[in-house]
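Chain naming follows the written order as A, B, C, D and E, and within any one chain the residues start at number 1.
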Amino acid sequence: MNLKKEFRLKHIVLSLLSSALMLSILGLLSHVKTNLHKTVGDIVLSLNMQTATANAVTSVVTFFRGIDTVGEVTVLFLATTGIALMLSSTQRTYKKVVHQESFILDIGSKMLLNVIVLFGVYVIVHGHLSPGGGFQGGVVIATAFLLLFLANPNMKLKHSILTLGESLSGAAYVLIAIISLFKINILLGNFLPHPVSQIGELVSGGIIPIIYIIVGIKVGSEMSVIVEYFVKEDYLKEVPHA
Amino acid sequence: MIGITILFTFLAILSVAFYAILSKDITQSVILFMGVGLGSVVLFFIFQAPDVALTEAVIGTGLSTAVFLLGIRHTSIDKEMES
Amino acid sequence: MNSIFLLLNLLPILFLYQFGGDLHVSLSLTKEFTLSLSQTPLGTFFAYLSLISFLLVTIAQKSKKTSFSYYALQFLLSIAMLAIVLAGDFITFFIGWEIMTWSSYFLISKSSDIDTKSLQKYILFSLASAFSLIAGMVIAYSFANSFDFNVIQNSFHTMPFNIKVALIVLFSLSFFTKAGVIGLHYWVVDTYSKAPDLFSSILSAVMSKMGIYGLFLVYGHLVGYAELKDMFGVILNGTDFGYVLGWIGVITSIIATFKAITQDEVKRLLAYSSIAQLGYIIAVIGMGTSFGVAGAMYHTLIHTIIKLLLFINVAAIVAQTGKNKFSELGGLIYRTPVSFVMLLIGIIALAGMPPLGGFASKFMLYNAAIDSKFALILVGMLFSGAASFLYCYKLVYGIYLGHPTSKDLETQKEVPISYLIPQVILALLLVATGAFPGAFIKVINPILIEFSLNTIPYTSMGVMQSAVGNFNGLFIISAFVVIFVFILLLIWRIKSKAKNNLNRFDISYCGEVPSKNTQLHYGYGFGTDLYRIKFVNAILKRSSSPFYEALATQTKKTAGLLSRMYYGNIHNTMIIILLFFSALYFIGVN
Amino acid sequence: MLDFFNSNETIHFIITVGSMLLFTIGLYGIFTQKNLVKVLISFDIMESALFLFFIGLHYNFGLVAPIVDGSDKTFTNMVDPVPQAMILTTIVIGLAVLALGLSFGIEYFRLTGINDISKMNELRD
Amino acid sequence: MSLGYYFLLPVIFSFLTPYFRKLGTSALRGSSVFLTFILFVQTLEYTGVSLPQISQFSVAPPIGIAFVLDNFSLLFLLIFTFSGFMVSLYMLWYFKANDNTNETRFYVFFNMLLAGSIGMILSCDIFNVYIFFEITGISSYALAAYNKDKLGLEAGIKYLIIGSIASIFIVFAIMLIYLQIGTVNIGLIAQRYSEIDPKIAVLIALMLFIGFGTKAELFPMNFWAPDIYQGSSSHVNGLFSAIVAKSYLFVFFHLFYLFGLNTKYTLLIMSLGAITFLVSEFTALNQKDIKRLFAYSTLGQLGILFMALASNSSDTISGALFHLASHSISKLLIFLVLGILISKFKSTKITIVGDFKSLFLSIVLIIGFLSILGIPPFSGFIGKILILKGFALSHNYIAIAFILLVSIVEAVYFFRLIALMLDKKRTKTSVPVGFVNYIVLSVLAILIVLFGVYPSLLTHYTDLATNALLQPHSYLQFALGVGL
């Protein structure tokens, strides 16, 4: 009882303290300037026309701050590898789930899969024209697989294909960066022709859509792997407790 | 109009987040957390950041919720007892 | 192996001889640090002292099975000491000092009866000494902008007074620890007694002298006796500072002397004796007079010789019998007569009896005290000197005289010749230093010039000049030899008549027939009843160990307290980080 | 009334206050919650608050999303795209860390049956 | 070679590891050795080039991102690539002697840990630094949990939680910076930092301080660190100690001096460093777990580095950088040797130090110990004396006394270990060392001795690095895109 009271007291004190802290920070943040004369973003916007990309965010993500995206893809890759390290094991065996074949679920999920994948591909391919891009599209594709797994737990993804997609797309991304170095002596430069007149068309922006497609493949396969591991975890045979 | 929308969305997010933290049931808090994501999506959209909104929609509300829901089955004791 | 390292040990001596007292080398380590060797008369004296000691000990090692790493470390140690005494700047000095520390540490760890606690004691005190040295040297650097001794010497008088005092205290602490001044001697006895037997001789004879060298270096060279006088003023005829040091030294020697008398282990006795003898040196080192320096220097020489002799002698006995306690030894005089004679010579010198070098050095010490008019210190030194007769007697009686305490002692043979050679050389050196005390004046005068003190007039080899009169060593020793030969003849005559009773149980005329288990040797109990004297009891009862034990316990407790912070709760860690942030925030922003 | 709400200052104020309150809620979650999943959710809430704060303060009335459609081919009067790109990156990284943490949690729970971060104290002196 | 390769090469190697694995384990291991070797050799080449060097990505800074290598980062780059090379060689032995089920994944994390750390010190864009911070972070979480046992997972979870806190602070700071200045380029921020409203400037500084200070294991934020070290494998600890902690330290002090925070916060960071040193050395006295013991030792040494690097005087900083390099090498050596012992005895008690019989291992281990204690003629001595000398020149005698007094406490447990090693009464088991380890460990040991007896090899670079840190003018110019 006493302990509980103390515990509550601690909570109250801590929450009071955190609110005091945040209130005081809030007071500070009212000083934050909101109308800046010239941010990097303004320069980027003024330069963006040269990249012939309709979506300025995409051009920032893949071009102006391209190495960030390489890093980001790497982070995802590392997380996937980490999850695979954790949730895959030679000792783990998955039990066969008694799966009631449901016609509607089966057909429905497969139909939806196509639609979702198509949508994902659309989002990826139009990344430089409209909101969306490799990350979003990739995740959309992964959610399609999630649906599939939920519909049919016994399903297995072909890991070799996923690995291939993951590795090769990643390698291709880096290779593009390096090829650009040889072509125009800048890492990750836009070495393909990207005439400004093409802006708004599907084929425009030079390497930007290519990069986003690569990122889409990579994110899609990685996210699918993550989803698979998490879903499969449900059907572990043994749940040993140390 | 936009100001009021922002205000109310924030209020919604705040209350949802608060309940997500306070809730004893983890599944419930994950679902409520998804609500935070949804609210953020709306706000991002209002803030003219469609890319971020889309990302938050698929990742914040979609995938991470799914991952959480799949994950919490194996990290909470009460669920373990049921199975 | 032994001969190889013998030759290797000869090399530095030849090297030093080759340069003929004028070695100046420097090597740029970084843009600020230079390693430089710069030979001074003081350094040369100590260099020869240590190198020759190493040579003699290496000879003694011939008959003891010794591993390559032991020899190599010992050689490294000798080189390190060479670096110390020839160093022209503090970096070289410190590098030598630290290499000396750890190489001797590994040598000590090679002993069979060493334990972790003694090792820890040794290394921690050594490191404390080294760190105090390093603190002193960087503080000196901050004013002199150089580690070079000459530069520091030149800029010393420009430093603020408190910095000067801090420097002197730090350096003194460092070197006192090495020399084993009372209070800082906690490591000495255990280390000396548990180190490999032959290595104890180096520890006592040479390594402690590095502390003395450091003191000479600081007081004489870096600070300068004139500066000491300026800083602290003059009392009687010596410096104030010297008076304080005098008391430190005298108290050290008195306490250590009484502690020595009560020891049962041979090497522990020698260790305490070593502390006591170094106490004399420290007592006169700060007086700032020519005789003070000369006395300290001469006693350094004599003590090195004596301690080498005694420790090698004891090491030989321990190696031969496997026993290292007075209660287990005894009656070896007929079995190992040469060793006995050597030990006798050693203790005659140690007690400061004429005619050997020990007397000459004691004479110089007393002389220095008289010269400075430090009467009380003289009294203390005389008292301690008289008391040291007791442990000298215990040493010879406990090992060689009386009855053997066990059967296997009766069949002992003389120790191997390789142990005897260095002992004979050392004994001859003692005789020589006794006979030609004046020769030492020739050695000491350049050092006195280096310290800008008055030189001591030199008349002849056999005569030692002093404040209270000259003493002619040659005459004394001749007289003693005559008397000695006379007595020897007398004894020989009596002995040839007397019957030699060899059975150790043949003492039935006392009215009691001893059994096999009866202890017949009482030498080891000598001095153990001293505690009945109130004054001595007060000394014996007290020890520095409770203080250091308490320090260790407190450190451990603190450690336990602090380590409770790291108890592995990540939640609290997060909270602490956030609290720390808010604390800094409220302080920083508002 | 509507004019008041439709000024930049007001919405920026609302955004600042709202997101910081959200941040406080996340902070409170970290202070009080010990379930690993809850802690991760709290982190995510804090991150969301930061995203809203950052994106929101770069929005001013009259600015549009930094995307041109075919007709109007100039990049003017648009929201700053750089923060959006940065947030995009951060969201993905957040997901990665979250998923990794969750997988650690699953494996740890499988081994020990503990999901309370304050009880994870095998590692100590 | 463009600087971008420092990041792109490890990335491409990581992406392709599954295929290297398919070619066979030796191809996998070889690829990592090859990669780290190339990076190391390339870094050696940069020592002869006039610095700073810049290599841009896509667009020139301040709009785009660039890697800038100045003398300060060169020193760290040398340490990191060298340590990485040594560890990758060591791994050749490790996976032969131990379970290698997840070898492929280990190499992914290892390569990316290296790449992330290198990226953090090269990038001149603070948001990019954050990305690399996360890459390093995720790799280290995964490496900490790599063994998948209870302890490892616990370490991983703890590390991840702490990393998340740190990254939230950093993201917040970056956002505030962008809101205030409208840029994330370090050069521009440094130029305009004084224009920020002073209170917000304090807030930003504080957040960066908490973010990087937590990861760099500064005192009140380091209660997690020993746990991480205890839970992870020994060679991973070597990486943490030699590379990861040092890279956070780099960013910490790089920003500290670039943003001109050194005038205000020197005393704060120096005292925190001192407390770190004191507390961790005392705490180490009671440890029974060898990895945890050396974790505390690492914390302590980092404390000295914080003290010295924050001191604002070029002599001290130069000494600190020397000490940093020496500490990296020595700790790496110690942790690698411990790895050999732990894999033999399957125990992490400190007594394993006294149980092995191998002259080689004892010698290199003792060299490592003595070097960390700062005993000549090993490299740690030069570092320590340079730091002390620097403090002496600025007449900071309290710091000198403090370092020396706590060093005695440090000596207590180091010499306890050495005494354990020399104890003849213990039963000793001989330990197989492995051919490649002879090379790795002797190279490390030789370097320790070499830097000890011939320090100008290293002081040359530390002096240049100090100049680059304290006079960052040319760095700032390059970060703004000059030189392209």
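General remarks:
Here is the rule we go by: a residue touches a chain if its C-beta (ideal position, glycine included) is under 8 Å from a C-beta of that chain, and two chains touch if they have at least 3 such contacts.
In this text, all values refer to a predicted model and were calculated from it rather than measured experimentally.
Minimum number of contact steps separating chain B from chain C: 2.
Chain pair with the larger contact count among C-E and A-B is C-E, by C-beta pairs in contact. For chain C, the chain with the farthest CA centroid is B.
Ranked by how close its mean Cα position lies to the mean of all protein Cα atoms, the top chain is E. Chain A and chain C have CA centres that are 75 Å apart. Here the CA centre of chain A is 30 Å from the CA centre of chain E.
Between the CA-based centres of chain B and chain E the separation comes to 38 Å, rounded to the whole angstrom. Residues of chain B in contact with two or more other chains: 49-52, 55, 59, 63, 67, 71, 74, 80. Residue positions 14, 18, 21, 25, 28-29, 32, 34, 39-42, 44, 55, 57, 64-65, 68, 71-72, 75, 78-79, 82, 86, 130-131, 135, 226, 230, 233, 239, 242 of chain A each touch two or more of the other chains. Within chain D, the positions touching two or more other chains are listed as 21, 27-28, 30-32, 36, 40, 57-58, 65-67, 78, 82-86, 88-89, 92-93, 95-97, 99-100, 102-107, 110-113, 117, 120, 122-125.
Every pair of chains meeting the touch criterion is listed here: A-B, A-C, A-D, A-E, B-D, C-D, C-E, D-E.
By the touch rule above, chain A contacts chain C in their complex via residues 14, 17-18, 20-21, 24-25, 28.
Per the touch definition, chain A reaches chain D in the complex via residues 11, 14-15, 18-19, 21-22, 25-26, 29-30, 32, 34-35, 39-42, 44-46, 48-49, 54-57, 59-61, 64-65, 68-69, 71-72, 75-76, 78-79, 82-83, 86-87, 129-131, 135, 199-200, 219, 226, 229-230, 233, 236, 239-242. Residue ranges on chain D touching chain C, taken from their complex, read 27, 30-31, 34, 117-118, 120-125. The part of chain A that touches chain B in the complex is made up of residues 55, 57-58, 123, 130-133, 135-136, 139-140, 142-143, 146, 223, 226-227, 230-231, 233-234, 239.
The part of chain E that touches chain D in the complex is made up of residues 127, 131, 134, 137-138, 141-142, 145, 148-151, 153-158, 160-161, 163-165, 167-168, 171-172, 174-175, 178-179, 184, 226-227, 230-231, 286-289, 292.
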